[in-house]
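Listed next: structures, encoded as C-alpha cells.
Here come two complexes built around subunit A, the first alongside subunit B, the second alongside subunit C.
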Partner chain A sequence: MKRYVFLLIAIVLAAIYLFPLYWMYVTALKSGSDIFRYPPAFWPAHPRLQLAQVFATYQVDRYVWNSFVVALGATFITVLLGTGAAYVLANVRHPIVTVALFAILMLQVLPPSLMVTPLFVAFNQLGLLEWPRFAVVLATAAKTLPFYIVLCRATFTQIPGELRDAALVDGNSRIGAFLHIVLPLARNGILVVSTLVFLQSFGEYVYSRSMIATKELQTATVGLSSFLGANSNDWVGLMTYASIYVTPILIVFVLLQRHIVSGLTAGALK
Partner chain B sequence: MKIMKIFNALRDGNGFESALVIAPVVYLVAFSAFPLIYNVVMSFQHVDMFSIATLNRPFVGLVNYIDVFSRPETPGVLWNTVIFVILSIVFQLSIGFALALFFQNDFPGASYLRGLFLAGWVMPALVVGAIWKWIFAGDFGVLNWVVRSLHIVNAPVFWISDPAVALYSIIIANIWLGIPFNMILLSVGLAGIPGDVYEAAALDGAGPFQRFRTITLPLMGSTLGAVIALGAIFTLQQFDLVAALTQGGPANASNVAQYWSWQLSFETYEISDGSVIATLMLTVVALVALIYVRSVQREQRL
Partner chain C sequence: MYQIEIDHLCKSYGAVKILKDISLNVEKGSFVTLIGPSGCGKSTLLRLVAGLEKITSGTVKIAGEVVNDRPPRERHVAMVFQSYALYPHMTVSKNLTYALRLRGRPKQEIDERAAATGQLLGLSDLLDRMPRDLSGGQRQRVAMGRAIVRDPQVFLFDEPLSNLDAALRVRMRSELRKLHQRLGATSLYVTHDQIEAMTMADTVVVLRDGVVEQVGAPLDLYHRPANRFVAGFIGSPAMNFVEGIVTEDGRGVVLSQARKQRLELPRPLQSGRKVWIGLRPEHMQLGGAGKKQKFDVQVDTVESTGSMTFIETKADPTSLIIAQSGTAQVAGGTTITVGINSEDIYLFDIKTELAV
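Take a look at the complex of A and B:
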C-alpha cells in the first residue's frame, strides 16, 4: 500500500516539474483568443494545430534544418576525433594520460559566451566567417569534444582489457584490435554519448547567434530568440514553433531515457 | 624505408595510441586553448570595430581593466552574478537532494519517473527560456494566476519587466533547468551508500533525521562537493536563459557577467572591455573547475 502512495506522490512531483513542457504543447493547441483568457484554460476549448501558418510565418523548417546541419557537423567531428582518444585514455596508464585527462576536464567547463569573443575575432581574421555554419560547427565541436571524451572513456573502461590483449596475442595489430574487437563492444555506449552530443549541439545558441549574420543560415534557437523580441504576443505561434523544434529531441529522449541516465552518471562522477 | 617505419608505428606501435590522442589535442589547442590565450591578450589591447581585422593592435596595459571597473554598471552586474550563482545552487541542490532522497524509496516505476525529470535537461536552454517567458507573462501568464489564486500576492507580478524581480525570474528558470542534473548525480551518490549501515543505525535507535545527519551527509561529502562545483559551472555558463527572458534588462537589473561580456563585444563592439570581463570570469570558472576535477580524481582513487 505504502508503495502506491509513493508512486502517486512521484507522479505528482513529475507532473509539477514537467508542467512547462505541458504548457508549451497546450498553448500550441490553443487559438489566438484563448491565450488572453483569465484564468488561463488548462485545456483548449477547440484544440487545433496551426502548423501551416507557423511554417509560413516563421520558416521553422529552414531554421530547424540549419540546426540539424550544425549538430550533424559538430557530432561528426566530435566522434571522429574523440573516440580514439577516449579509448587510449581509458587503457593507457601514463603520467601524460593523467595530465591530458586533467586538461580535458578543465576544457569541458569553458563557458561559450566567454569563448565566443576571441573565437569570433580569430575566425574573422582567418576569413572563416565566410562559411558561418562551418565556423559554428568548429566552435561547437571544441565544446562537445571534451564532454564526449569523458563520457566515452567511461564506456571503454567497462570493457575488459583482457579482450584486447587476447586479440593482440591472436595476431591482430593494435588498429585491428581497436577496430574489430573493442569498438563493436563499445558500440551502444558510443551511440548514446554521440546522441547526447547531437542533442547538445542541436540546441546550441551562443555561437550561432554571434557568428551567423545571414538570416537564411541561422539556427532554430537564433530564430526563436529573434521572434521572442519581435512577436512576443503571438504565444500560440511561438509555442508551436518551440513544439516543432523540441518534439524530435523529446522523442529521442524517451526512447533512450534509460541509457542516457546511465551514460551521463558514469561520466560526470567517475 | 623511413615512411614504412612510421606507418608501422602508426598501425601497430605506440604511434597508434599517440596519434589517437594527438589529433583531438591539436584540435582543442586550436579552438579552445588558443582562444583562451587570445582572450587574455585582447584584454590588454585596444580592440574595436576598426582594429578587429588587423593583428597590429596597440597594447594599452591595464587601461581596459581600469575602464571596466570605473563603469557605473559594473558593481551591480557583478553582484547580480553572485546572487544568481548562490541562489541557483542553494535551490537546485536542496530540491535535487530532496527528490533524490524521495526516489531512493522502493516503489513501482521509481527509476523511470526519476529519469523523466531529465527531459528538462535535454531541452535547449533557449527554448526553456521562451516557455518560461510565457509562463511569467504579466497579464495572462499562468504563474501570476497561480500566485494570485494562492493569495501570495494580490496584484499581478511583472516578472520580466519589474527591475526588482527580473533577476529572480531568471534564477527560477535556471533552478528548473538544474534540478534534474543535481538529482541524478546525488542519486548515484546515495546508491553508493551500503544499506546495512542504515540498518545498523536503525537498530541502534537512530531516527530518520539522525541517520541523515550522521550517515548520509558525511558519506555524500565528495559527491556534494562535485555537484556544487558543477552547479556553479553550469550557472556561470548560463547565457541562453538571460537572452530569452530579459536580455539583462530592464536597465541591467538582471544582467550577469557572462551575458554582459557578450553584450559589450557583440552589441556595443567594446571588444576590449568584453574580453576583460571574459578573462576575469574564465579565471573564476577555472578555479571552480579545479575544485570539481580534484574531487572527481579523489573519488577515482578511492
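Take a look at the complex of A and C:
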C-alpha cells in the first residue's frame, strides 16, 4: 500500500516537472488562436506541425549547426585535456593532488555570467574574438573541464593499479599501459561523461551571447532568445524551434539514461 | 653466479622508511621466499626489483647489471600478482601472449608458445574465454602462464596463492614447486604464509619492519633461529617463551614460575644471566618418557583436532602451548609432567633477543 502511495507521489511530481516540456510540444502543434483560448486546451483541436515553415523562416539548421560545432569543439578539447589529467589525479599519491582537486572543484563554482566579462576582455586582447565560435569553444571547455576531470577520475580510480603494473612488467611503457590497458577499461565511463559534457555545451548560452556578434555564427540558444523581441510573438514558431532543438538531446538522454546514472555513481560507493 | 643482487637497498615514502638497508643475493635457479608480518616491506622489496617503485638508495642488479634506472620492461622479469591482474578485456590467449605481442614476435611463434603454455598449465580448452568466465584457480593459472610464456630471467610472485581457498592453495603450492623444478627459473616469492615459505623455498628470508632478520634454508630457520622474532615466527603453533635466570653453576636455568623449576642447559652459560627460554610446542612431550628433562605444569584448556592435541597451561606467569600428536587423555586443572630434550631448548638474550 505504502509503495503505491510513494509511486503516486513520484508520478505527480514527475508530471509537474515535465509539464513545461509537454506544453512546449503541444503549443508547437497548436494554431495561433488555439494558444490564447481560455480555458486552455490540453490537446489542440487540429494539430498541425509547421516544421518546414519554421526551418525556412528562422534558419534553424544554421543555428543548430553552430551549436553542434561549439559543443563538439568543447567536448573534443575537454576529453583531450581532461582524460590525461584525470588519470594522473587518480594515480599519483601526493598531498598536492588534494589541493589540485579542491582547486578544480572551485573552478566549477564560478558561474559563466561572472566569468564572461574578464574572459571577453582577455579574448579581445588576444584577438580571439576574430574567431568567435572558437572563443566560445575555449570558454565552454574551461567550464566543462573540471566537471569532466572529477567524474573521469572516479572512473580511473576504479581500475586496479595492478593491471597497469602488470602491463609495465609485461613490457609496456607508461603511456602504452595507459592506452592499451587502462583506457579500454575506462571507455564506458569516459563515453558517458563526454556525452554529458556535449549536452551541457550544446545548451550553452552566456558565452555565445556575449562573444558571438555575427548572427550567422550564433548558436541555437541565442537564436531562441531572439524570438522574444518587443514586437514579435510567434509562439508557435518559438515552440517548434525549441522542440527541434530539444528533441535530439532528449533522445540521447533516454538512450543513455541507464549508463549515465551508473556512470555518475561509479566510484561514489566503495 | 647470482641472478639478483640487492645491495644496501633503502626505500622511504617521505619520512616513512619502509626498507632499511637490505642486502640479499639470489642464486640463479633458486627459489627464495620473502616472509614477514604485514607491513614489513616484503611486497615493496618485490616491486623495487620489478621496477614498479623508485629506489631511494642502494642498488639492484639483475644478471650482473645495475637496473636501478631501468623501467620494468627492460628488466626481463615476469610478475604474478595477488589479484592476478588479468586484462579483463582480453581473452585468455591474448592475456598469455600480451608480452610477446608487445615485443613484436612473429605470429607463428606467439601461437606456438600460447598453445604450449596452455598445455603445460591445463588451459588448452580455455584459451578463447574471457577472464570473467574463469574460476579462481583457472585465473591463477592464467596469471602464472602469462609469466611463463615469456621465458623470463626472473619470476616475481606477490602472494599469488592467497586468494585461493585452502584446498586449492595446497594443490597449487605443489604444482608451483614442480613447475619451478621443471623450468629452473630464478624465483622471488612473497608470502605471509609460513607453510608456503617453508615448503616451497630453497632459501627463506624473514623480514620485519624493513630489516632482514635472518636468511637461511627452511629447516635452518626452524632449528637455528637467529633471534626471538624468527623463532616465534617460524613454526606453528608458535614457540613458547618463558623468562629464566642461569643458575650459579652455569649449567642450568631457573624458570620464572611460582615453582622455580630448573632445566639443564645444552651448554654452560654465565651464571645470573637473564634469558628467554624458547620451547617449541611439538618438542615437549606429555609424561616425559624418553626425554632428558622434566617439569610440571598445570593444564588449563585442551583442544583436540583428532590428529593433534593442543594443551594450554595455566598462566604462571606465561602460559605454554604443548602439541601432542594423536589424542591425549588430559583434563583441565590437573598437573602434568612434561619432558623435553636439552638440545631442544632455545635461549635468547633478554635484552637483544639474539640467540645465545
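Odds and ends about this structure:
FYI, the second predicted complex is superposed on the first by the 251 of 270 C-alpha atoms of A that agree within 3 Å, B and C clash if a C-alpha of one lies under 4 Å from a C-alpha of the other, contacts with A are read in each partner's own complex, and residues count from 1 in each chain.
Keep this in mind: contacts are C-beta pairs under 8 Å (C-beta built on N, C-alpha and C of every residue); 3 or more make two chains touch, one makes a residue touch a chain.
All values derive from a computational prediction rather than experimental measurement.
After superposition onto subunit A, partners subunit B and subunit C are found to sit side by side with no clash. Look at A:W43: by the touch rule set out above, it reaches neither subunit B nor subunit C. In the superposition on chain A, A:L185 contacts subunit C only, with no contact to subunit B. Once chain A of one complex is fitted onto chain A of the other, the partner contacts of A:S173 extend to both subunit B and subunit C.
For the three-chain arrangement built by superposition, the Cα-centre angle with subunit A at its corner and subunit B and subunit C at its ends equals 90°, in steps of 10. Of the two partners subunit B and subunit C, more subunit A residues are in touch with B.
Of the two partner chains placed by superposition, only subunit C is touched by A:L163; subunit B is not.
Our summary of the superposed model lists a minimum C-alpha distance of 7 Å between subunit B and subunit C. The contact surfaces that subunit B and subunit C form on subunit A in the two complexes overlap at residues 173-174.
The part of subunit A that touches subunit C in the complex is made up of residues 160, 162-163, 165-174, 176, 181, 184-185.
Those residues of subunit A lying in contact with subunit B across their complex are 3-4, 6-7, 9-11, 13-14, 17-18, 20-21, 23-24, 27, 35-40, 77, 81-82, 84-85, 87-89, 92, 97, 100, 102-122, 124-125, 138-139, 141-142, 145-146, 149, 173-175, 178, 199, 202-206, 209-210, 220-221, 224-225, 228-229, 232, 235, 238-239, 242, 245-246, 249-250, 252-253, 257-258, 260-261, 264-265, 268-270. The part of subunit C that touches subunit A in the complex is made up of residues 47, 50-52, 71-73, 77-79, 81-83, 85, 87-89, 98-99, 102-103, 146, 150, 156. Residues of subunit B touching subunit A in their complex: 10-13, 16-17, 19-21, 23-25, 27-28, 31-36, 38-39, 42, 47, 52-53, 55, 99, 102-103, 105-120, 122-128, 130-135, 137, 139-142, 145, 149, 176, 179, 184-185, 187-189, 223, 226, 230, 233, 236-237, 239-240, 243-244, 247, 258-259, 261-262, 265-266, 271, 274-275, 277-278, 281-282, 285-286, 288-290, 292-293, 296-297, 299-300.
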